[in-house]
Structures are given as structure tokens and as C-alpha cells.
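Every chain is named by a letter (A, B and C) in the order it is written, and numbering of its residues begins at 1.
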Amino acid sequence: MNELLSVNGVTKHFRGLLAVDKATFDVAEGEIFAVIGPNGAGKTTLFNMIAGAYAPDGGSISFAGERIENLAPDQICRRGIARTFQIVRPFPALTVEENVIIGALLHHDDVDEARERAHFLLRRLELYDKRLQIASSLTLPDRKRMELARALATEPKLLLLDEVMAGLRPTEIDRIVAILRELNRETGLTILLIEHVMRAVMALASRILVLHHGAVIAHGKPNAVVRNTAVIDSYLGAEAVS
Amino acid sequence: MPIDTYLNVAVSGVLTGLVYGLMALGLSVIFGVVRVVNFAHGEMMTIAMYIAVTLFSVLHLDPLVMLVPIAAVLFAFGYVLQAGLINPFIGRPEHSQFLLLVALAIMIANVLLIVFGPNAQNVQVAYSFDSFQFGRLIIDATKAYAALAAIAVSAALFIFFRSTTLGTSIRACADNYTGALVVGLNVNRLYALTFGLGAACVGAAGPMLLLIFDVTPAAGPAYTLLAFVIVITGGLGSMPGALVGGVLIGLTEAVAGLVFTPSAKSMFAFAILVLVLLFRPQGIMGKGAA
Amino acid sequence: MIRRLIAGVPARALLLLGVLFICFAAAPWFVGDYLLTVLILILYSAYTGQAWNIMMGFAGQLSLGHALYVGLGAYTAAALYVHFGLGPWIGLAVAVPVASLTGAFVGFLAFRFRVAGVYFAILTIAFAEFARVGFDHLGWTNASSGLFLPVAQYAYNDLWQLRGHPVMFYYVLLAATALAFVFCRALLKSRVGYFWLAIREDEEAARSAGIDTFHYKMVAVVISAAMTSFAGVVYAFYYNNLFPEQVFNISRSIDIILGPIVGGIGTLFGPILGSFVIEIIGEGLRSLLELFGIDVPGIKQVVFGVVLLLVVLAMPDGVWPWLVRKLGLTERRA
């Protein structure tokens, strides 16, 4: 198995609160990997450490063979990891197009080239018609797809999605799931996602990691994880398993 | 230079610094709670100083005696200003707030210029040239009284914020705006109250400072800057910090003025500011890392 | 490259710009000496406003101490002229690195140590004040007594030495303002410009998109400082006397930012329009007061303050965006 991302014994404290407790897992190249768990389980903290927003207090993170746990967010993006935010962070006063162009400029020096790339992605994500709208005027689903487009524009090998389905209606969720599946299939894009929406998790993930109080309590294929008693007790609830 | 001179200058600096601290306390309260960058802070103090000058020249009333009424006037001024003009600007970007307060500062400074003329004015009270002597230490009476008054007013403010319901409500707003709204606090009124209190601080500090320095209509900006330096050095959100910062700056200025030249003294205050911003941005007594 | 500069700009706007420029170029033939000096002030203010706007409007860093760079430019060029007889353009060649390095220093301190927002603004004030007091004691430039440039009768205009009739300064500033305008437009449309906008809008999100925000903020500061120093050089040779108390004064820094804030931060045309508005209001007030025979020092400033207040209240984004909306022009806010 070709590991793209390797997380080893990563730990994070926030003033006495243990947010992440020796998390260890690998993400293989080309797979879609989901991280689930109750609120406060440490999922976003874990993400933030992979994305470079925080440095772990212990353990290491490797990406494509290189240690990245002490790098800054922009350095990590340049190495091929893109992320979205739990609470969407567009560039509010800029147009949709400009938002995505900024992402594309990372690997395309020429503005016109970056614009071409941006348009391609916007068409893919069905936002092309709104490309000249100001970002702050978009609806939430559109903003999420725009942020996704911006992240994709940086040409990542690994995409980190933080609760990208939150607040979306089922049709919207299906739309994004389809887009992600397509991208994964066509380009081999590796995706690591935090999700609460089990519908999306089950539709996408080839493997799932479950966090609870900062520690990994289950890890493996979706069908197995979902039937794991610890996971059911702490998070899913008996009704969720059908 | 004999050690006596240094000692006297240092003590003098500390005393003046206490008054600076009160002035800065007002800014700390405003900036810390309402989060408005009050670039008209110094100008508000010059208003207070001129009121004191007028009362003195017309009614021969000692500035320290008129402390409370003048502070009350400034309180009202601050309250109305915040409620009427500044409130809509609270969420706005810094440069908007800045421009609003600069416009105010320009207006205040020039109205004072029109009314009082450009020449420096001061007050000569009965004890202007008195001093106390403790062994080799000589302390100006004016500075001593001013410092004592500053301590008294600051103490009153501390007690207000710690022990009264109103004071606690204000601190709640500073801590968590949305939370305050949710529990039903009338945040707008509290903001106006806070701004008024901050104005009252300079309303009190002004007359005190008048015993030590002259006043001109253009004196405002230097004091505003000084207040910011002190607040940042002492630590935003810390009331004792404002006084500590004030004393530190007062001391530095006095000693620097002695060792180097008096006109270069503000350089040291700025040097301290730069060092604080770089190495300890939360200030000497600020809470936690920024 | 010109094609890219004008892409997306409606023909109407280009025509208007062209007309405006021609008016300005022809103005000296139609206005008297006094109005010429007013126009010079407007152009000076428009130029420095644009330079400042790069840091604030494009990259989002509020500098309230820009007089520092004006002063450094002015004193460097003036001192070289007075002590070594070196002309202003050579002085400029020295002033630009001096200002750039200073800007880089301020930027480095601020950005490495995460000083942002209001604190950054206060830091910039502190540096300008530091320079003011410092130069007040600097013997080489005559300290607080002031540095004076030898003035000759301007029988002819010497562009190389910047000695001559105000008209020469007018055209120098006009050229500078126009070039700055084109330069700003080019910057905005370039990769750097986009990254600046991202940083201005949301620095954390920008970093997550791979932008080295420290690097690009430094670029903004250095370019802004370098451009501003040119204004300082012109200042020195136009007024021929420099006092630290005046040149580095915080009110100078405030003057620099009034234009862009009133005109519209972050827009291309805002700083220029704003400079006009400010100057016209100032002159208008002065003339009005003269008309009524009121000669009280300070009245003009009070009214000026009131007008400023009204502009801030009524047009929070600035006059230019308001005008654009009213006139239905299509230049979108940068």
C-alpha cells in the first residue's frame, strides 16, 4: 500500500485539555478516508495539525515521505495538501472567479492561465454562471463549492475537507459526493474528510477512523466500523446502523 | 551627577507617571471594552484641562478641588459621544473608526484654539512652589497631590469594576459580546457608560496634569500617543497594568530626560513600545499570550 | 501588456481618463500662479495617497506613520545636495534604498512578531515619531534648526537639479501620479495583486491557499515606502527647507491617508479623487471665509473636521465607490 499521509502518535494539549491522544493512522494514495466522531472528539484539531495551523505536541506527520508537522500552512499547501474550513472562509469582497484564480495562481504564474484553470474548475463545480458574483452574496452551498474549487485550484495531491456537507440539503450533499467521487476516480486525488453526515461517509469512504475524546477507538472498512460497539455507544447510536 | 538628583528626578517621574497612568486607564477601559481606538483621547483631556484653567482664572478654584465636577462633565461628554456618534462605528474597519475620531480630534483641538488662543496656559496655585523634604529627597507638592489624587480615582474605579453589578456587567461585555446580549444586558447603554467612564478618567487626570504642565490646544496628540504606549506596555485589559505602565513610562521619560536631553525623552517611550510589541505584546500585566 | 492593462475597462472610462489627463496637462496655461500651487498640492497628495493605498487598500496593512518615508526621502536627497552637491535624481537613487530598507525593517519586525491591526498602526506611528525626535538631534542635517537648500533665481528650469518654476514641479508630479496610477493598475492585475487582495480579505485563508503572506506583505511595504520616498525628494526640492518637527509630524501622516480614505481605500481612482475632494473643500472653505472677512485661526479646520465627519458617516466606503454606484460606472471595487 502506498501511504501518502502518515500520522504517527500525534498528540495535542490545549492548556491541560488533551485534544488529540496519540492518533496513528495512514492514508493511502488515491483513497477516500473519513474521520468521524462526536463533537469535541478532536477531529478538527487533528486536521489543523495536518494542515499546519498548529504544531503537534508529540508525534509526527509525514506526507509523501517528508516530515511536515512543523511546517506553516502555506508551506504545506505548496507541498500538495489543500484544505477547506469548517466555517467557510471565502475572500468575501472578491468575485467567485477571483477567489478561485487566487488558488490557481499557486502553480500558474500567468494570470490568464490561472483564469483558464479557474474557469475549468468552476464549470466542473457548476459555478461558472456565478463567476462574476461577489463571494459574500453567495448561498452557503455555493460558497462551499467555491471553497472546494479554490482548494482544488491549488492542484493538491491530498484534499482535506472539514465538514463540507454541514448545513446542506440532501440534494446538495449528493451533488458534492458525486463531484468528489468523480475527482477521485479521474485524477486519483486522495481525500481525507471529517464528516458527521453518515450518508456521505458511507457513500465515499473506503476506510474510516473514529475519534472519541481525542483517541482512536476504531479504524477500518466502513461496514466493520459502523458495527463496532464502541463506535455505536459513543457516537452512532443503535438506530443509525441499518 | 549626584545620586540625589537622580533620585529626585526618578521620584518625580513616578509621581507624574501615576497621573499618566490614570489617563491611560481611561483609554484601557474604552479600548478594552468598547474596542474603539480612541484617537481623540488626548483631546478630551485637553478639554478637561481648559475647563480647569477657566474655573481657576474666573473663580480661583483649585483644579484638584474641581476634579469631581470636571470628571462628571467629561463623563457626560463621553457618554453622549459614544451613544450618539461612535456606536455605529464599532464593527467597522479600523481606518473608518480612525477617521471618525481624527475628525473629532481636529474639531476639538481647533475649537479650543478659537476659544482660548494658541498660547500655553497654566495655573499657579498657592502651593505651586512648595515641596516636601524627606531627608535628601525633595518632592514637589503639586506632583505629590496630583499623584495621590490619581491613586484615589483609580482605586475608586477598581472598586467600581470589581464590586458593583454595573461594573461586572461592563466586564462581561468586554469578555463576550454575544454572551452579554444573550443574558439581556443592554450593551449599547453599557458601552456608552464605559466610554463615559473612560472620559471621566481623563476628566480627572487633566486637572491633575495641569498642576504639572502647561496646556495648549495642540497638546492632544502627544497625550493620545502616550496613553497608547502606556496601555500597550502595561497590558490591555489590565487596570493595574495601566498604572504600572504609566509609572514605568513616567520614570523612563524623567530619567532619560536627565541623562540625555529632555527633548529626546519620548524616544525612550517609543523604544519601550516597540520592544513590548515585539517581545511581550500582551504587556507587562496582560493576560496570556495574544 | 497594454492590452492586459486595459482589459475589462469600458471604453467610456478610458476616454474619460484620457480627457482628464489632457485637462491636467494643459492646466498650467489656464490657471494663475496660486491655483497652480493648489494643483501641485493635489497631485502631491494624490501620488502619496496612491503609494499608501498599496499597503492599506491592496495588502490591508494600516500605516499611520507614512511621513517617515517622506521624511527619509526628503532628508536623504537634501543632505546629499547640501553636503555633496549631488542632484535630486541621484539623491533619489539613494533615498529609495534607504526608505525601502526602513520599510523592510518595520515590516520585518511587525510581521515576524505578528503585530497586526491597531497595534501595527501604532507601531508605525512610533517609528515616525522616533525619526522625528531622532532627526531633531541629528547634527548632520542641522537637527531642529532645519536643513535649507540653496535657492537660485529660477531664470530657467533645470530638471536635473529640480530648480525652477513651480510649473516644472507640476509636470514632474503629474507624470509621477499618472505613472503611479498605471503601475497600481498593473500590480492589481498581476499575481502579486491577487495575493495582496487575498491577504487583505482573509490572511489565514490566504495561507491555506499556499500564499507566503509574510513575503507578500513585505513586498507591499517596501514598494509603498520606496514610492513614498520619491514624494519626499520632490518635497525637499520644492520647499527648500526641512524641519524634522514638520516633515515627520503625525499630522503629515494623517494628511497622506485622508485622500485615500475619503476617496475610497482599495480602489484605483479613490486616492486621486479623494485628494481632489479634500483640497477643494479646504480651498473652498478658505475662500468662503475670506469672502465673509472671517479671519479666525482654526475655523477652517473645525469646518473641515465637520465635513470629514459627514463624509465618513454618509459614504463609509469612500466617495469613489459612492460615485460609481450613482453614475452606474462599471469599475468594480478592487
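The definition used in the following text is that a residue touches a chain if its C-beta (ideal position, glycine included) is under 8 Å from a C-beta of that chain, and two chains touch if they have at least 3 such contacts.
If you're wondering where the values come from, they're calculated on a predicted model, not measured in any experiment.
**Q** Of all chains present, which has the mean Cα position farthest from that of subunit A?
**A** B
**Q** Count the C-beta contact pairs for A-C and for B-C, then tell me which is higher.
**A** Of the two interfaces, A-C and B-C, more C-beta pairs touch across B-C.
**Q** Calculate how many whole Å lie between the centre of subunit A and the centre of subunit B, each centre taken as the average of the chain's C-alpha atoms.
**A** Between these chains, centre-to-centre, one finds 50 Å.
**Q** Approximately how many whole Å separate the CA-defined centres of subunit A and subunit C?
**A** 44
**Q** At what distance in angstrom does the C-alpha mean of subunit C lie from that of subunit B?
**A** So the centroids are 32 Å from each other.
**Q** Can you list the residues on subunit C that touch subunit B in the complex?
**A** Subunit C reaches subunit B through residues 56, 62, 64, 109, 113-115, 117-119, 121-123, 125-127, 129-130, 133-134, 136-137, 144, 250-251, 254, 257-258, 261-262, 265, 296-299, 301-302, 304-306, 308-309, 312-313, 316.
**Q** Once bound in the complex, which stretches of subunit A touch subunit C?
**A** 51, 53, 72-74, 77-78, 82-83, 85, 89-95, 98, 101-103, 105-106, 109, 111-112, 114, 150-151, 154
**Q** Within the complex, which stretch of subunit C touches subunit A?
**A** Going through subunit C, the ones touching subunit A are 4, 189-191, 194-195, 197-198, 201-202, 204-213, 332-333.
**Q** Hey, which residues of subunit B end up touching subunit C in the complex?
**A** 37, 92, 94-96, 98-100, 102-107, 109-111, 113-114, 118, 217, 221, 225, 228-229, 232, 261, 263-264, 266-267, 270-271, 273-274, 277-279, 281, 290
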